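Dumping the structure here so I can ask a few things about it.
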Amino acid sequence: MKFLQSNESILFFILALLCIFLSFYNPQFYSIQNIHSILRSSSTVMIVAFGMTILLTSGEVDLSVGALMSFVTVIVMDVINISGSIALGLIAVFGFCLLIGLINGLVRTVLNVNSLIATLAMMLILQGSVYVYSMAAIYNTHLIPLFSFIGQGFFLNIPMPVVIMLIILPFFVVLLNFTRYGRYFSAIGSNPDAAKLSGINNNRYKVIGFVITSLLVGVSGVILASLMDTGQQGSAKGFELIVIAAVLLGGTSFMGGRGTIIGTILGILILKIIDNGIILMRIPQEFQLIVPGVILILAVYFDGIRRKNSD
Amino acid sequence: MALGEKIVININFKELKIESVSKSFPGVQALDNVSMKIASGKVHALMGENGAGKSTLIKILAGAYSKDSGDISFDENKLNIRNPNDSLNYGIKVVYQEISLISEFSVAENIFLDNFPTNNLGIINWNKLYKDTEELFNRIGFDLNPKSKISDLSISQQQMVEIAKAVFKNASLVIMDEPTSSLTPNEIDKLFTVIKNLKQNNIAILYVTHKIDEIFQIADEVTVLRDGQHISNKLISESSEETIIKDMVGRTVNATFERPVDISSAKTVMKVKQISSKNKINNVSFDLHEGEILGFFGLMGAGRTELAKAIFGYDKITEGYVEINNNNYKSFNTSTMVNNGVGYITEDRKGEGIVKDMNLRENMSLPSLKIFEDLFIINKKREKNAADDYIKKFSVKTPSSERLITLLSGGNQQKVLVSRWLIRELKIIILDEPTRGVDIGAKTEVLSLINDLAKEGLSVLLMTSEMNDLLSLSDRILVMADGKISKEFYRGNVNQEEIFKASVS
Amino acid sequence: MKIVSWFLAAVITLSLAFSVSADPKRIGYIVNYGTHEWYQNVIFGLQSRADELGIELEVMDANLDINKQTQQAEDFMTKGVDVLIMTPVNEEGVVPILRKAKAEGMPTVLEGNPAKGMTTLFAICDYDAGYKAGDAVGRILVSRGETEARVMDVGLPLLSATLLRSLGFMEALAEHVNAVKVHELDGSGMIDSSVEVASAALAADSNINVIYGINDGSALGGLQAWRAAGLPEDDLIVAGTGSEGLAFLNEMTKEGTPYLVEAAMFPEGVGYTGMNLAVDLFNGVDVPEHKVTPTLALTVHNFAKYYDFDKAGQKRAINFENVAKIPTESKCTKYSSDL
Amino acid sequence: MNNILRYLRKGELALFVIFLIVFVVFSFSSEYFFTLRNIMNVSGQMSIILIAAIGFSVLLIAGEVDISIGSLLAFVSIPLIETMNITGSVPLGIILCLVFGILIGLINGFFSVYLGVSSLIVTLGMLFILRGAVYLYTGQRAIPDELMSDFFFYIGNGKFMGTIPYAAIIGLVILLVFIFVMRNTSYGRKLYAVGGNQEVARLAGYNIKLLKLSAFVICSFLSSISAIILASRIGSANHVAGDLFEFQVVAAVVLGGVSLAGGIGSLTGAAIGVLILSVISNGLGLLNIDTQWQLVVNGVIIIIAVGFDELKRNRSL
């Protein structure tokens, strides 16, 4: 009974309905290829969403993830092209992401700018400066097979992006649910003063939240670059909205204090299966915008009702 | 808002009758068949411990809650209170304990918040607004500029605005919920003058307080509630402090504490040297000894809370240092202090104490999670056991440690917040108004708990405005005024007048 | 203060760039999406010709913001350039600008697609470009002995131009083999979206042998999705459109790539032609309503005639002369009004 | 003097000084900037953002937010243009456009206020829904204004006496009206009170839900007026219109000192915020500086201005 009352169960129910409906409509839905395709495109979103879940739980948000991701694809391709070393490419990417995460975090905590605004500004800055870095898309001229493997390869018949996501996932499930840091993030989001007066260094954890998110964007960005085989400015357009919508759909509160990684995963799967189903059913792709919009509002509405009843 | 029908009332009435009013919340009978009569032109005191049902009754009268059964009437005219609007239209005005003003607005705007003087187009007549406010202030003897912004006023000035706002017109019944909790003696006198003024205007006053001495100064009648039930109703002339307390707690209370004689020879656990902060604190120094209860007295705005927060690392200090465990800290934050065995219990439980999205266990263990860790992972079993221990120790009323903190009553939440610090190894605890808003019975419990803890070797910084608590517990008393320490008193060598004198110097 | 000095530096550079020779002195170009490779190469072509003629070219980028484009047109009129060249963010959206320009007597040239009230336009023929690619793919299929083309069209229904390309491609294919469009997708013209929608589509039905992309990003996105799905590349043919930048050259020159055909549109050539048209318009020379710019199906065998590709340095240089020799249609076979 | 000090505290004077600096710098660096024609152009250009920003600020002041305004811009221009094309009547199109705007405001408000879903989520959902609906209805083709009436053309493109853009006049009138409403009517003050301290407003007997709902409607209504001006300027109901518009408006409004937390800020401030960003965009454009640099400059200015304001507020505490 308790399970039936949780937000996850509502999402799970929606997900199950979707799957049943789609498999009736088109048996191809359960083809291994289709499942690969859904999981592959989900995993880049999920990886970033893990960080976003932490941020939203601690009462912050990062709108710059999409712009950063597109910047990452350019950097990683460029550096590997020039140096011929994947390691150097990764170092450059994570160094850059660390820097951006730190700046976001410090603007939030030291200048005390609302993170919605601070990261909106960062989004503009990154969107502009990626072109200042290079006007042209950066193509894969290094042709290192390992690099292509990151996004396109399979391990035990599982797409590599999914493998990477699965490696990262347990770390965040444990972090949020079983360590004190998870408690700190939710205490900071729920009542920052109480957290501070319990000896928690709020600002430090907020900065960490931004840095983690940026680093995860680095991971997703590298996968995207490998998948596109290109460093492409302007890619990942609107990515931030998808990530945030999925995390909110997953039951994480925008006001902070509550967050669940499992909910986030379910939220993303729902959105991605809808996207997939719309293509499978050959419905006009415009519905890829409308349906998630409706589901987002309704899911949060029902979650609110459930909470009210349980209080 | 002037939408919907406007209730026209005749506020000439002899008494407001509350008849057999009941209200229950899931699992709690907050009010059980309560009846009372409040006569116009009289001050009716309402007393009772926390959880006795006072606030529920106030909220029903104010239209914030709807009653389950019973009647409320002016003489024979039944009132139909469905929402705050109805209540206001009946002339029922509440002065809440917490400041509830719009801080960006002027004094005058706040006072006329529910009824701006406007023309037919809804355009505000500013001249009239300020003039009316000024007239009101003249009438009740307040000295405030109607154009001042609320955020520029002191807390006590804001409290005055709060009162003026409630009484300014059309009041039939004024409910005052702990109106003096943040006022200076001088301001309390002014308030009492206002109350007498209201009495003369035939307004009924329901005066809710914990301070028994006040009701003998101002009230005509007193009603006591306990556990949602009506216990007694007497004329003031017929009652005494003892009988009222007995009615409230169902037993007599004795509040004197034995303290060890010579605490100042114990070793020093904390030295505060000439600290100043942006937040009022100016060159404060003192030593704290092991097992000592060091009381800080000061009027509203003297800087007690600010001092507590500066020492605890919540506010940055700009000068001086704090010495603890042989370390000098010039720049530190709350985690520095917590790691050094310092705890802090806030006066603002809701705003700075509880974490509302967490359950009781998680609230309790928040500062001490490290001790429950097995290699980065929290051992929930040990954590739960610790929480259960304290639930038992303080008899916290809850079905389990997994209950959301918000579902607990205020008193029980406070117990959780105390346990939050006792669960770990603690050397020093900073208590900011630990008995504010706590009823007499629980107050004694809290005070004796503090005494016990100190006897076990815990050092206590006790910030309070309650003179009695201070005198009965403190080994030493530091009086604060204007962010500075103005005088030091030792136990057995104090008298109330001198402390007051030092606090206004 | 740094910004100030930077501004001043920019102004000084600009004023130094002044020079005197041909009749129009300053020409303004509002690009719809200046960060796209295609348009960077269009600008390169415009600039190359402007340099030859000693004209000062000023470029503003609307960055796909239709409102901003309107503002930028006003700003150019304020600046009083001699000719205004525009690539509309949306054809319908520039009608009021054209009306205003006419009222001001500002000669205006459009690039890309016709709009109501325009004087002259330089553009490729989208239908014909798609047709040429379809024709080339059809020939390859026939040479391989195939009788059927099962096509995944990674399209962009947002624009009529891209719809025309898809249409031309399919109609040309149909002249060689039995052409079936298995998937009609919206890849937003972006490689990342294309990978995503193509992956889903291939999962639903991967029995295809032709991927057509309405631009290079779409074609490559489709190909990447194919590769990520682990499908064999032997019988696949990929055709892209645009010759936007380096993308198709990089892929086409790979060993064993299925990327065999590119409907080249020579953006540098587009720009070059456009500058000539603008000068003609200013000088009162009779200009056509639509000046068609060259298109051609490029393969690995013939691209070197038009592009000098330096793969290591990631540079390409266009051969304007050879591009100019490509026979062009005087009129497109189909326009958006035919859709 | 007292008045000036009051404004200084609100940060508006500081903002105005920033504006003046920007203005002077551009005047010296571009010969085209400080000309009557350019200034009039900018004042017309900024009106689209300004009018929506006024509505957006009113809603923020009331403690709610609407990030669907960009999609709304595209959505409500469909009934506008379609009605004009079909009936041949411009006023009818305008009325229908506004009606649709009000309806969307009501829906946003209903879900946020009466069903208690956070307005950020409702309008995030609405952002997707409206944009999707526009794509679906138009088949991703702009709907041209077939009527080509002069009246409609002049709304966004015409100039009064050949000098002052009508759009600027509309923007200014709306700004003045709403400054007055927010400052001097009980309705305006009630919105401030609701956003500043909802509990107090509730105890004062305000109908909070209705007040908030009205703010949602004002926001959507004014955004619809922006949509009309935009539609006139682009001569069509355009599916690509208003993309990322919400970000531009948020940036300008917050730059102008309107708090996302509700109850704080003024329309004067918001207007100055719009002014600064519009002038920067115009000035950098005249100087032929890449749009990409403009993004960077905007981002940096927002961080500096908002951060500076916060630092100042903290120091004065």
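In order of appearance the chains are A, B, C and D, and numbering begins at 1 in each one.
Note that in this section contacts are C-beta pairs under 8 Å (C-beta built on N, C-alpha and C of every residue); 3 or more make two chains touch, one makes a residue touch a chain.
Quick caveat: nothing in here was measured; it's all calculated off a predicted structure.
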- [ ] Quick one: point me to the chain whose Cα centre is farthest from that of subunit D.
- [x] B
Open item on the list: Need the CA-centroid distance for the pair subunit C / subunit D, whole Å please.
Closed with: 35
Task: CA centroid of subunit B to CA centroid of subunit C, Å - done: 71
TODO: Could you please state the distance in Å, as a whole number, between where the Cα atoms of subunit A are centred and where those of subunit D are centred?
DONE: 30
Open item on the list: Taking the mean of the C-alpha atoms as each chain's centre, how many Å separate subunit B from subunit D?
Closed with: 43
Open item on the list: Can you list every residue of subunit D that touches 2 or more other chains, as numbers and ranges?
Closed with: 140, 290-292, 297
Task: Touching two or more other chains - residues of subunit C - done: 35
Task: Listing of all chain pairs that touch each other, if any do - done: A-B, A-C, A-D, B-D, C-D
Task: subunit B - residues contacting subunit D, complex - done: 1, 3, 62, 64, 83-85, 88-89, 94, 96, 100-105, 109, 113-114, 116, 118, 121-124, 126, 278-279
Task: Residues of subunit C defined as touching subunit A within the complex - done: 35-37, 40, 185-186, 188, 190-192, 195-197, 199-206, 217, 220-221, 224-225, 227-230, 245-247, 250, 311-312, 314
Open item on the list: For the complex, give me every residue of subunit D touching subunit A.
Closed with: 111, 115-118, 120-122, 124-129, 131-133, 135-136, 140, 247, 250-251, 254, 260, 290-300, 302-303, 306-307, 310-311, 314
Open item on the list: Quick check on the complex: what are the subunit A residues that touch subunit D?
Closed with: 107, 111-114, 116-118, 120-125, 127-129, 131-132, 241, 244-245, 248, 254-255, 284, 286-294, 296-297, 300-301, 304
TODO: Could you pull out which subunit A residues touch subunit C in their complex?
DONE: 26, 28, 31, 33-38, 40-41, 81, 131, 135-141, 148, 151-152, 154, 159, 224, 227-230, 232-237, 275-276, 279-280, 285
